[in-house]
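Below are two complexes that have chain A in common, paired first with chain B and then with chain C.
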Partner chain A sequence: MEALTLLEWGFDGLLGLGLLWLAWRALTCPELFKAIVLFIAFGLLMALAWVRLDAPDVALAEAAIGAGLTGALLLAAFAKLSLVTGHEELKPARSEKNRIRFQHYWMPATTLLLVTAGLFYVILSLPPYAAGLSVEVASNLDTSGVSNPVTAVLLNFRGYDTLLEMVVLLLALLGVWSLGDTTIHREAAPGLVLDTLARVLVPLLILVAAYLLWVGAHAPGGAFQAGAVLGAAGVLLLLSSWRPHADLIAWPLRLMLVLGPAIFVIMAVLLYLTKGQLLEFPPAQAGILILILEAVATVSIGITLAALFLGGRPRRGKGQA
Partner chain B sequence: MTLIDYLSAALLIAGAIFFLAGTLGLLRFPDVYTRLHALTKADNVGLGLIMAGLSFQAESWAVAGKLLLIWLLVLLAGASVAHLVARGALKRGIRIWKR
Partner chain C sequence: MSAPFFYALVGIGLFSLGLYGLIVHAHLLRKILALNIMGSGIFLVLVALAKRTGEAPPDAVPHAMVITGVVVAVSATALALTLMLKLTAETGRAELPEKGRE
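This part shows the complex of A and B:
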């Protein structure tokens, strides 16, 4: 038993130090590509840290969104950046002018120190053990319609959090779209291996997304994790040079993007009119309402993430009428 | 410890050795192609051994089946990605290492 505890301490210590080291390297690495790879490695170790903290829901989201999809987005941005600048290796210019001077960093350094000191104070003043809101969540779990406390909090007790997160995702996509258009056209053939991989994996990924969505009611999983898997399927399709049909990128795409937030808002308004409270589900119907919300949220999140990877507002190519 | 536990431990240790060797190869081999070779050994055989060791400890056939599925998926993704990396390297004109 002693040896096992020691082993766990050693593992956690290495994990924590590794995280700090990777974060430092990712921030200070002068080569962008290396920095991105370090960031992805950081995300994977972070997911492991969440597992060690007994938070498998967060670990799933971190691995799928933090490491996977953000990594893919960064790599796509890097590819575009090197296309624009014509440089394979993007390095900052190291001239006298660009060197960071003391005056430039004493302000952020002071702010950072103050924030760190504040955080230390807050952490040290916390009671060593507190149940937090978990007791209340557990006592109200029966009325939430699901048996996984995380899903109960995210979709029922604090449903507006999830709604606002989805709006944030949509706003991010609108921001990307407002920067420019991307022509939708088929690129060069992806090669047999990538093509086969996409053909095998995409149906499987859709199945996994459905499983995660369903299992979220009573075990780790849920709309964001399922949506991330769906988004990964979309990224894989885009990588293997699949492009949506030109007819689909006008209103069908936009409808799918807003479906999740829209159903959420409609449900909130209806519940407000009938019950007098925003997003207060009647316990008898809560389960099915949460399932509907999570299903539309999964589709919208997945398509939003895939559309982000496209990197611009899709526009019909010249060859397509 | 029962016989099953010893078998599990042996498989897990063997898997860990493959991962160690793969990591060493990734760090020490001279070019991208030989590094891929080392890496895929760790991913394919090492993970397979670890999954086998873990499925002996699984509480039900369903869990063992999921572990097998994970291994098969990593095999598929690992082999394909290794091929894509190597193809990309060849296209960029990275030459194969010769002594």
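This part shows the complex of A and C:
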């Protein structure tokens, strides 16, 4: 028993220090590309930390989104950036910048050290035991329609959080779309390896997304994780030069994007009119209602994430008008 | 010190590192990385403090909030990256103009 505790502490210590070291290197190493790769590794270590903290739902979301999609977004932006600025900007800082301007560094550093010390003090003065809302969640779990407490909180107890969160996703996409267009045209065919990989992996990813969606009712998983996996499938397709058919990008794409929030709002209004409370599910039907909401949310989240990766509002290419 | 507090302190450390990077770096891509690291630090504090339940399963409410936060963070990152590319296309530099250096 003693040896096991020691081993756990060793693991926790290494993980914590590894996280801090990777974050520090990602912020200080002179090459941007290296920084992004370090950040992706940081995301994977974060997923391990979530597992250590008994938060497998968060770990799944982090592994798919924090490490996967954010990394893909950063690398894609880096590639576009080096097209615009050439490699000048991305190389280690120029000599003028290399001169350490002392006051530019130690001022924020000392201030932040003080802030950090204050926050450490606050954390350490918290009571070592606090149940938070876990008792309330556990006692109401029977009426929520699902047995995974995180899904119960996300879709039932605090359903409006999820509703607003889907609106935020949509708003981010609208922001990206309002900044420019992307022409939808098939680029050069991908290499054989990428093409085969995409053909094998995409159906598998869709299957995994469906599984995560279904299993979310009683085990780690759910709409966000499933949507993230679906988004990853979309990113893989986009990377292997697949583009949606020109007819699909007009209203079918937009319909899929708003389907999740729209069904959510419709259900909220209907429940408000019949039960008098926003998103208060009747316990008997809660399970099936949550499954419907999660299914449409998964599709919308997945497609929104893939559209965010594409960047810019998709537009018909010149040859396809 | 128990494991939840250790991870909460690591979270604070990440938050401070991220904030430092956000202040001292001029390049916008680096600032976006720093913001993401700050966010991860805050998530770590939230989830770590949710585990202060002893032997009982941890509090699910912060977990749900963090999942929501992770998804919001990725959408905000996508928007920020697009804004950065747009700025770079306009000015040729992925940095904000500095006062006194124009």
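Following the convention adopted for this analysis, the second predicted complex is superposed on the first by the 287 of 321 C-alpha atoms of A that agree within 3 Å, B and C clash if a C-alpha of one lies under 4 Å from a C-alpha of the other, contacts with A are read in each partner's own complex, and residues count from 1 in each chain.
Everything below uses one rule, namely that a residue touches a chain if its C-beta (ideal position, glycine included) is under 8 Å from a C-beta of that chain, and two chains touch if they have at least 3 such contacts.
All values reported here derive from a predicted model rather than from experimental measurement.
Trainee: Chain B versus chain C on the shared chain A, clash or fit?
Mentor: The answer is fit.
Trainee: In the three-chain superposition, say which chain, chain B or chain C, touches more residues of chain A.
Mentor: C
Trainee: Taking the superposition on A as described, I'd like to know which of chain B and chain C A:201 touches: first, second, both or neither.
Mentor: Touch partner of A:201: chain B, not chain C.
Trainee: Who does A:6 touch here: chain B (first), chain C (second), both, or neither?
Mentor: neither
Trainee: Considering only touches as defined above, state whether A:79 meets chain B (first), chain C (second), both or neither.
Mentor: neither
Trainee: According to the stated criteria, A:162 is in contact with first (chain B), second (chain C), both, or neither; which is it?
Mentor: Touch status of A:162: second partner only.
Trainee: Given the touch rule stated above, what does A:308 touch, chain B (first), chain C (second), both, or neither?
Mentor: In the superposed model, A:308 contacts chain C only, not chain B.
Trainee: What is the contact status of A:191 with respect to chain B (first) and chain C (second): first, second, both, or neither?
Mentor: The first partner, chain B, only.
Trainee: Given the touch rule stated above, what does A:284 touch, chain B (first), chain C (second), both, or neither?
Mentor: A:284 sits against neither chain B nor chain C.
Trainee: Could you work out the angle between chain B and chain C as seen from chain A, using CA centres and rounding to the nearest 10 degrees?
Mentor: Taking the centre of chain A as apex, the angle works out to 100 degrees.
Trainee: Measuring by CA atoms in the overlay, how small does the chain B-chain C distance get, in Å?
Mentor: The answer is 23 Å, the least C-alpha separation in the overlay.
Trainee: Show which residues of chain A both chain B and chain C reach, each in its own complex.
Mentor: none
Trainee: Can you check the complex and tell me which residues of chain C touch chain A?
Mentor: Checking each residue of chain C against chain A gives 1-10, 12-21, 23-27, 29-30, 32-34, 36-37, 40, 43-45, 47-54, 56-68, 70-79, 81-86, 88-89, 92-94.
Trainee: Across the complex, what residues on chain A touch chain C?
Mentor: Within the complex, chain A touches chain C at residues 8, 12-13, 16, 19-20, 23-24, 26-28, 32, 35-36, 39, 42-43, 46, 49-50, 52-55, 57-58, 61-62, 65-66, 69-70, 73-74, 77-78, 80-81, 84-85, 89, 97, 104-105, 108-109, 112-113, 115-116, 119-120, 123-124, 126-134, 137-138, 149-150, 152-154, 157-158, 161-162, 165, 168-169, 172-173, 175-176, 179-180, 222, 224-225, 227-228, 301, 304-305, 308-309, 311-312.
Trainee: Looking at the complex, which residues from chain A come into contact with chain B?
Mentor: 191, 193-194, 196-197, 200-201, 204
Trainee: In their shared complex, at which residues does chain B touch chain A?
Mentor: 73, 76-77, 80, 83-84, 87
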